[in-house]
């Protein structure tokens, strides 16, 4: 059960309400976000929702039987819109394009890519400065100095930044230099990190775990939301299966399912989803038709020389073409109304 | 190595050629299809292909290092076109739509669906008369009598038929009443069935195994081709993974990969691929954008009353809308040229 | 619901019983095996089992809610014993060892292995004469002639034979030369084959599918049982997962689960289960401790020269040592009583 | 390449050695642990190892071509022994038993379990005070206060403690109250956590990721080792597959493979590996026969009342019996010598 309480509810009203809910066997977690205050009731008690409806201070009350509550569409039918400022949104009904390198490498590299994005009217740049690497001997990213450099160039060009945060201590460090935090596929269930991201007021995009279920992704989003941050984006980036002809198995089924279960925007990452440069194009367009609200892909002025992920990175002419096709495909999709 | 020999090669020329190939350590399988005669050389011997080029009677000669040979694009760059007659084709550059019920149930049901297909200019009807069921107590299909009835109605209406064959003895039985044989996901590695389908002159669509790899699908097609039948279609229908929010995980990555590796047309089955009616639409369109040459889906006048698979079957208005969107999406895709 | 009827039930008594069961919404399948006659009721009707108990001609009546019925332990608590004659059994409380080559190759090979089995008191020899191969160009086995030769040598030595049957037409062909039919992992859901194996009176060992679930394995056994053949053995041989360090992932969890759900004996195949010769030993012993009633493994006088599966085949000294350890491990296990 | 240098190597000798190695295209990471100092060379350069052998200050030099180096058996053939003090070891040739509750709950609970362990001569107690939970509303553990209480009781009784660390900030907090840190399956690739655990001098047991490969587990261990901590234990605890009849698929294949590839001890967790109480016993014994150096399982005075994981937790009589059988099985295994 989710009860959204009025902003002017008195403490006494709230306590009396909680007491009554406890009586039917539900435990209450109070959640205060940028948008509102919620009482989330967890438990198996059977009860009649009308019993609480008369209480003063209640704005809205819903039964949500899923394991995730606040991210569910069952209580919030209106899609969540993520506003990055300067008219840049990630939301249902729009097509957010995010492009950039796997790793931030150098000032020149940043400038080339920013230039490419501007020429193609792409508003959000992706890039990593902390790189999760399975081997301890691999390149681990340019760190906070790389981020600061990148931010200063991108910000001046009016480009928003999305970048991966790997641990709690980086949240504050990165705060002034990032527009969207990305939680990577290896950290989808790093619950301490999710808890802490719930305490800040910046958008967070959570990638599905390497072999994470759709439900686990929603529960991870629930962590951040219940921590106090509603600005959430979900990302399908491919899952681990027995098939080795592609790097991962892009599970586009997840797109309509996530859109059906949750009010959060859903982004598709075809670069990691297939992992082979010449097929990223088709999978991006497939993602658009599956219902994605955004596409995130890797591009670099010279993919062969990229520090990482070169095999799945588009060059600028491929990127320009893809962006054009994404927009045309999305424009067609908008003309389709479902029954 | 694949050597296509001229149709007028003499036995003496052929024997002498085979002898010379054997000398470099390759074993030859001779394959005679509707289209041509091929000598497929298998083995690990190192050799110079030019050594054989001067032989009389050779039309074409190619090195193919994959485990599958005849279905590889490495020797046959031109896409295979499957001609069903009456201007109905399954091929690269076209969008074949195949729709129909999971099971053939009754004359009325067939007539309703045929009528729906005609109204929407859908030229191929799918349907099962032999049903593979995991429980021995479940409905096993209407059998050959159902097929004959179906064929007579469909044929009169100018509609082509695709239907699943489950065992060797059914091949002959079905022959006069089917336009395309379908090999189901549980029979993808039923090698005896594949062998026998290689001996007939009718198109065969092979579905990817329930947890089959892309390479195994190509090898299964190789079975039929090397048996003598080039009229082959590949079908992605979802694979088994840990994710249980959908019936299967539709692996659209397989589409561009199969199109890249093989000259055979590739069809996507979104009905089995996601298994939830309200999401079939998006996944079908995603399949089109991933590069499919055809879409096969389930439709029924009253999905709730279907003998099987009702939960993933579209009603006629959903089907009409989907067909329209598939065509528009494909029309857009045709305007896209890749770099 | 399963009703075992008395052998002397009259047709009138049976018809009247079936009629009454139909009334509560169950459909009856009559199953007659080597052992008894059963009425299997399928359907979702709610009813009181005592309603039928008074009927004449009933021996036993049980509610079984699983998707598999006749192979369930819920109605038949006593473990099934498979009697191969000459005091050779596959059953709970015994440890059946089955060893032999992947492929039957030659008279000399058969004689060497038979000799090895006799020296180590191994009573059952495995071997393939029809080989399912993913490539059409690979060795496909020595066929029925190989089987006849093998049988004559093994039979004279008092060794029983288990060999894979790949298609319906082979059942009769093999009948006189085989003691146990094996259904391979690619045919676990070849329902026509299972149907036909239900019509014969010889034991059948069904291997779990390449990515088959435990429930599907039980349902496949249900096919054979409901066809009329109770002589069934289940085999865990590894499943397909994302892990590529081993050929398959031997799922030993399946052993206690299958033993708990079904009255059928369970055999473990460590050779295919891990696919690496030097680890077969440990996995066989692990299988014993997991509760297996038998172990089937590959051995050859010279694994390096085996026609197939050499990489996972034990030589004779490894085989002798393993057999000794299996017996010692099983002897210890027999001293363990669970709570 | 791994070069173990002598403890008395001079800086000049070391610099000159590194310079020479760099020349052949390898990048050097210097690793200093409790045991020794290593120069790990990473790169693809071809070279003759004898080129460096003459250098002063070198103790040992090895080519290791795997992606993991320091944890490989290729340079350190002797198995690593983890010494917890008071004659408690986790090492090859011994059978370490670790038992305890999923969650530390109360003083009474701790005392009951400690008493049970003492009665059965079990030297290591497992238990969680920080619980990773997929839902933010679930019980998250008793925290550092729970750990302190537990440690004081266990320490007095001479029982060692293993407990999960979930984030960097907990490492120091827990340091004085834990004998072995456990890295859970959701943190196997939490690289920052691994880095930090490399900086301390306490044993670390790393669980395989929820869908982690064997190679990734070894690479995660490499992180800790290359950070400076050699005291490492690996743990197989089941992987995620399509099979849902068990909580996870216990991959016992991993045991002999890990023992073959690495010098680190390997522990099996049958409780999480199958997740069903009545089958934990068999899977523990299977783990012993697969070659495990230790078994970790869950026990509680009253599993039905456990705060978490009750469905897979043994009661004390089951635990006592299992411990007895583990020891007898291990005693038998020790009499087996492999070829």
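By written order: A, B, C and D. Residues from 1 in each chain.
The criterion applied here is as follows: a contact is a pair of C-beta atoms (placed from the backbone, for glycine too) under 8 Å apart; a residue touches a chain by one contact, two chains touch by 3 or more.
Only a predicted model underlies this, so the values are computations on that prediction, with no experimental measurement involved.
Minimum number of contact steps separating chain A from chain C: 1.
Set against one another, B-D and C-D show the most C-beta pairs in contact at C-D. Shared numbers divided by all numbers used gives the overlap of an interface; between chain A and chain D this overlap exceeds half, so the copies present the same residues. Distances between chain centres, each the mean of the C-alpha atoms, put D farthest from chain B. Mean C-alpha positions place chain A and chain D at a centre distance of 33 Å.
Inter-chain spacing, taken between the CA centroids of chain B and chain D, is 49 Å.
The centroid of the Cα atoms in chain C and the matching centroid in chain D are 38 Å apart. For chain A, residues touching at least two other chains, in rising order: 211, 240-242, 244. Chain D contributes residues 211, 213-215, 239, 241-246, 249-257, 260, 273-274, 276, 278-279, 281-283, 285-291, 317-318, 321, 325, 328-329, 332-333, 335-336, 338-339 to its touches with chain C in the complex. Those residues of chain D that touch chain A in the complex are listed here as 27, 29, 40, 42, 67-68, 132-137, 166-169, 186-187, 189-195, 209-211, 216, 219-220, 222-223, 226-227, 240.
Contacts from chain D toward chain B in the complex involve residues 211, 240-242, 244.
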